[in-house]
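A, B, C, D, E and F are the chain letters, set down in written order, and residue numbers restart from 1 in every chain.
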Amino acid sequence: MQTKILKAKTLIEALPYIQQFSGQTIVIKYGGSLMTNEELKPSFAQDIALLTCIGITPIVVHGGGKEISKWMNKVGKESRFVDGLRVTDSETMELTEMVLSGKINSEIVAHINHAGAKAVGLSGKDANLFQARKLDSTSDLGWVGTIDMVDANLLTTLCRQGYVPVISSVAPGQHAGETYNLNADHVAEAIARGTAALKLIYLTDVDGLLINQKLVHRLTLDAAEALLSHPDVQGGMKPKLASAISTVRGGVGSVHMINGGIQHAVLLEIFTDTGIGTMITLDTGEVR
Amino acid sequence: MQTKILKAKTLIEALPYIQQFSGQTIVIKYGGSLMTNEELKPSFAQDIALLTCIGITPIVVHGGGKEISKWMNKVGKESRFVDGLRVTDSETMELTEMVLSGKINSEIVAHINHAGAKAVGLSGKDANLFQARKLDSTSDLGWVGTIDMVDANLLTTLCRQGYVPVISSVAPGQHAGETYNLNADHVAEAIARGTAALKLIYLTDVDGLLINQKLVHRLTLDAAEALLSHPDVQGGMKPKLASAISTVRGGVGSVHMINGGIQHAVLLEIFTDTGIGTMITLDTGEVR
Amino acid sequence: MQTKILKAKTLIEALPYIQQFSGQTIVIKYGGSLMTNEELKPSFAQDIALLTCIGITPIVVHGGGKEISKWMNKVGKESRFVDGLRVTDSETMELTEMVLSGKINSEIVAHINHAGAKAVGLSGKDANLFQARKLDSTSDLGWVGTIDMVDANLLTTLCRQGYVPVISSVAPGQHAGETYNLNADHVAEAIARGTAALKLIYLTDVDGLLINQKLVHRLTLDAAEALLSHPDVQGGMKPKLASAISTVRGGVGSVHMINGGIQHAVLLEIFTDTGIGTMITLDTGEVR
Amino acid sequence: MQTKILKAKTLIEALPYIQQFSGQTIVIKYGGSLMTNEELKPSFAQDIALLTCIGITPIVVHGGGKEISKWMNKVGKESRFVDGLRVTDSETMELTEMVLSGKINSEIVAHINHAGAKAVGLSGKDANLFQARKLDSTSDLGWVGTIDMVDANLLTTLCRQGYVPVISSVAPGQHAGETYNLNADHVAEAIARGTAALKLIYLTDVDGLLINQKLVHRLTLDAAEALLSHPDVQGGMKPKLASAISTVRGGVGSVHMINGGIQHAVLLEIFTDTGIGTMITLDTGEVR
Amino acid sequence: MQTKILKAKTLIEALPYIQQFSGQTIVIKYGGSLMTNEELKPSFAQDIALLTCIGITPIVVHGGGKEISKWMNKVGKESRFVDGLRVTDSETMELTEMVLSGKINSEIVAHINHAGAKAVGLSGKDANLFQARKLDSTSDLGWVGTIDMVDANLLTTLCRQGYVPVISSVAPGQHAGETYNLNADHVAEAIARGTAALKLIYLTDVDGLLINQKLVHRLTLDAAEALLSHPDVQGGMKPKLASAISTVRGGVGSVHMINGGIQHAVLLEIFTDTGIGTMITLDTGEVR
Amino acid sequence: MQTKILKAKTLIEALPYIQQFSGQTIVIKYGGSLMTNEELKPSFAQDIALLTCIGITPIVVHGGGKEISKWMNKVGKESRFVDGLRVTDSETMELTEMVLSGKINSEIVAHINHAGAKAVGLSGKDANLFQARKLDSTSDLGWVGTIDMVDANLLTTLCRQGYVPVISSVAPGQHAGETYNLNADHVAEAIARGTAALKLIYLTDVDGLLINQKLVHRLTLDAAEALLSHPDVQGGMKPKLASAISTVRGGVGSVHMINGGIQHAVLLEIFTDTGIGTMITLDTGEVR
């Protein structure tokens, strides 16, 4: 009986968070170990299903670089990168869309549905959810795009009826027949802004922002800006931190960077006091 | 981190129950130790608040015999009982209503609101929620009544907006100025039928139905009926079991008798596999 | 036939008022002779029922000082007052709430329902309708409070469905377990402001404001302010007039002080040209 | 003050009727002295306005034989009748529609609007509210029609928004360009059935049904049928009574025949116990 | 088959216009040859029916001077004009209303209904859709009025349900019993402003604005103003152009003057690139 | 001008069909030349966009066998068929889903959006729109499935907001991780039944049903059944005709088999009197 009561207390511990976040939108950038670790996928799907049960509106965004490379290989085509961006000719774009929208997306959708929620797979093409234009670049990267416009009406329609949108980072251009490959982090940010989300959570391969080998759990905008020039903030972390700052400035309540390789990472970050990763937010009063 | 993950898993364990019970009404007869144990009251209130967060509609019904006796004493009036029923002259009825609607009810309401939900205290008088007539009896018991009619419209209005009705067992009669004292178990049953509730849970002073000193966790209607003539079913348990049987026949999904003295008794009964008390239900397929 | 036609003409006389007030909220502070005169109670209830039929939204607010004193007596406790305010220790507060919410409130509710409307009894505790904090005072008055916050959502929900809220002047504090006793006039004023009422009507023991022994029927804000220093405005009338002025400034269309001892006082004040008491309003153009 | 209180009591007397009829539709066949007595017109309009204020949905239907004859004269055309029916050639039909829809109808509409309600003038042509076919007859009566079909959707749309439909007895035929002149009593009956009205009230030139020189106030269907062969039931009264019987059989709550020449005839019939005319209803339990 | 495909392409050509105008209101002043040419009437009605099918909300406004004169003759009354305005004594007004509301209006309604839409005939009297006051004039013109106020609520109610309002240029005055005869062009303009229409289309007897014997298809506000002093803009065209300019300034998207004598004139003007008449609009970017 | 008027008449010719089909659902099985002819794709998209403009709800269903074979080739995998059904091992299924949901589906969606409508790409996985189980077969065909269940809620949500669902013939199984390849004709039929569609249109490679070398334009159920044994009905046409018969029996208004290679085939079939293909319907009265 005592074990049972402890379990009940765990449910009750989550109560203040549930009450605070109910009715809000949380955008989750799917990524990191989730892409490859088959055990983590159902646990992530359960987290999403639980969020919908307690009145939170989750929206999932994903890319899928490694899987694209694997399929490039299969059809005997070489992957080529410039400054970390995949050079995307028409054939590559065709395959990219097939992998993102026809494989990774549908797999995430199926997992979430299996956990008892109702997911709907989308890309920027669906009802022109978002549109892209060619990325400015010194070298021609082909169909690599940047977001031009978000029209969140379809998301509103679906979320109001309790569906969970799962969005791949592919978008139409302005002209007929154009398809662009986008950076999924940017798509997640644009969706979070376009839906005035309470939280944007990046599931990554690292635990969060490490300063002097210690995980930083919570950062106000001021503190975050000061850290931009810190020697420990380098590589991919620097643009990520900068983007988190501008996202919070743009009206999203908080941006979280957490390790997607931890089981139930999303629940842990949302429903515990310190969370498990790094949270950037307007001020210190903000609840996690 | 491992402790945190275990907590997350506890939330996930509740997921199938949440998904199954979401959108349903659960009527809870408040009683037993809750009436006197100040520590249990906030824990009960949290259970109710959690239910509302996950889309369940709880309705609380209560009586309050002991407190009435205490106040009879205070004003120097003797309590008199016939066959366990309080003989209720006009002065007693006046005090009974003051205790039930003006003290116990408002205390439960305040506790639930403090837990973050929005409770609204009611009696049968509010919008004529339920009406009573004089109980047939060999000796004149005064204003002791029996339920005549339930009009659940007010409950529908409140529950749809997320309010938690807390109902005292006092009702108007057909004529102006009449007030009746009702058996709170009967009120709970009538409300459960009138709202087509999924569950009716009695919080009592015992663990449930004990047969051969073992707690019976689950009973189908057939098994329950067979037990009516069992020597271990006696005293107050016999009419309680009979009423549970007829309640389930009347369309309520299941009737539960549990020990209100256990912390978080409501959550434990609803969100664990075996529950903590006795559940009478139509057939064995029914989820707890 | 001629008598019948005269009756029809009386109905028609009310037509312009009905057309003007339809869809509006009128807050009525129940008090004066109504508290003790059993004959007036059903007539008051009929007035309320009629208002609901013609599309007006009435909200009733009440206190009940004399009845509290009577019950203090019954339990052998002395009433003590400082500057006209009841010193309210915990035991007194307990009894006060029982009398206000469990007796007077439920009696008004029953009368209105008997007249064919659907009343619902409330206090500040229900869905935290209003909250209080301790009244600043030189001597410690115990649980005497002042209004801190009104959350009219529950009233909106109920009124939209045609229910008549009847509100007792008891409120929760900020901390668990706190209950405060409030001045019912102040509660009525706060509710009138919080619902942007068209009218706030005080039912009192006097005919209204008497200047040079003549009843003043109508006062603009300017005239009302000038009268504040008039020698005939004294005792309880001075703060009442001052509060009426600030209530109208706060957006309530008009404040009325009428004699609750006159049968159908509410209808007479609302549906006749001069009314029966004193009306304070923004300017002279205002219809009664 | 005593006069005022008596007036308030008159309002209260109407309360049970208002409560009973609220939300119901009452179809009123405009006719009798109202057509010519300029003083009665505003009083009739006030009755209609009052009904709308108390939640009743009035629908007015009218014909206008005498006015048509007057205009036939003006344009130098002779009125010709066969069995009391106007022989209606195309020119007569053109004028008939102008008089009914362009003169009488618009006058009633203006009066009701002046009383503060919102009337909308209609004929069968508007949204094909009702359609007609040629009346079977031994002699050719031209464009004299009988009702074929009622489509009450437009009425529902208007009534839900609080508008009062005023309907002239003109209807389109099945083919383009056809217009028929209808018996307004029949139109009123068809509209009452088509809207499942609670009451159908004929305003006529007589006080109601007189048997042995005494006005019959209330008739059940059985009694009404027995009277069909009574020697005092003759002339126009016989078909009127027969039609009333079949109308009540068809689901309309009651049919009333009253003297439109009495001021506020509609209110008097609806809001007094005996009424002023004859009411045919299913059984004696029915409230007037 | 080739003919069929050409037809399909015609439908597709209209697609961009349909997509752009869907959900918008278009006010059409009925007039010109339509009044007398029986062949054009059904074709006009089909145009209106088609507009409703593709999500456009048409509102038709009409006058009817010639028909009034014809009926004046019939009843032996002479028509008298001052500055082109009919001197309207009470008898003339009575006849005017009969002709406009009881004849022309009902004929247009019948035609539109025959084409499969649902038209409802109205005048300013219906729900006080618009009100008039006496036109200022040096000589007394009797009941010639000018628009004072538009209350478009009735139009909103009807249009939302898919009904097509057909409005005659007759209006009530402020006092009981007053009826005014209005200029139908002005009524159309007031309705277009009051409904924030996308387009106001005048069906006239000429092709549009001719400058140097060439039809001007499209005019921006600036160009239109410059033309006001052009020698080719004279007679009735000058005030028409001035009113079109102020209408567009008042928020209506565009004003069109087209020849109502061309079959399907409305469709041709709306759904072809150059249109068939003259369009005055804010700037050149505007789609026809 | 004459050409313009002819165009307007073409629009008007479509009016009766538009009026009849407005508010109805039409399911279109995309296929035939459309799959490969780049010129036809935009013309098909325009047809769909036009349907949405005139109040019709189109739903598009597609498969894509040839494209799958092409990609099997690209990754060096041989296509194997048994009785015309593709043997579908896990790798084949993975590629099949990528081609159908990630390539063909997204291409159709983009074309429709470019024509100005709002298409949303779906498969059976989205919100479990439809579920499959393994097809019974003598030889093991792997992941070839048959439809088990349709849950049209997502379609209702999308269509009500004006979105056009485009559905690929891929479905989840009952267990986690299962994906089935379905016959798109069967999916279209199941969707048509599940949405109670007015019409189900198959776009194929032939003109329709040819009997004695003549195209049959219209078939009642009786005639269709008689033809099942006709020597000209053979090959794929026999099961197609049988399925059309059972579809109409199942409540779909009509089934059409038309040549998708004709420009604007959908519009031509729906909006012309004889249509361009074969229509099977309940009886002869049915409008095309």
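In this text, contacts are C-beta pairs under 8 Å (C-beta built on N, C-alpha and C of every residue); 3 or more make two chains touch, one makes a residue touch a chain.
Model, not experiment: these values are computed from the prediction.
**Q** With one step meaning two chains touch, work out the least steps from subunit D to subunit F.
**A** 2
**Q** Determine, among D-E, E-F or A-F, the equivalent of interface A-B; equivalence here requires over half of the contact pairs to be the same by residue number.
**A** Of the listed pairs D-E, E-F or A-F, the one copying the A-B interface is E-F.
**Q** Report same or different for the subunit D and subunit E interface, where same means the shared residue numbers exceed half of all residue numbers found there.
**A** same
**Q** CA centre of subunit A versus CA centre of subunit D: separation in Å?
**A** Result: the chain centres lie 68 Å from each other.
**Q** Return the distance between the CA-based centres of subunit C and subunit D, expressed in whole Å.
**A** Distance between chain centres: 45 Å.
**Q** Roughly how far is subunit B from subunit D, centre to centre by C-alpha average, rounded to an integer in Å?
**A** Once rounded, the distance between the two centres reads 55 Å.
**Q** Among the residues of subunit F, which ones contact at least 2 other chains?
**A** Not one residue in subunit F touches at least two other chains.
**Q** Take subunit D as the starting point, go toward subunit E, and spell out the full loop of chains.
**A** D, E, F, A, B, C
**Q** Going by the contact rule at the top, pick out the subunit F residues touching subunit E in the complex.
**A** Touch residues, subunit F against subunit E: 1, 4-5, 7-16, 18-19, 22, 43, 46-47, 49-50, 53-55, 115-116, 262-264, 267-268, 271-272, 276.
**Q** In their complex, what parts of subunit A are in touch with subunit F?
**A** Where subunit A meets subunit F, its residues are 42, 74-75, 94, 97-103, 106, 109-111, 113-114, 118-123, 125-128, 153-154, 157-158, 161, 163, 170, 172, 176-177, 179.
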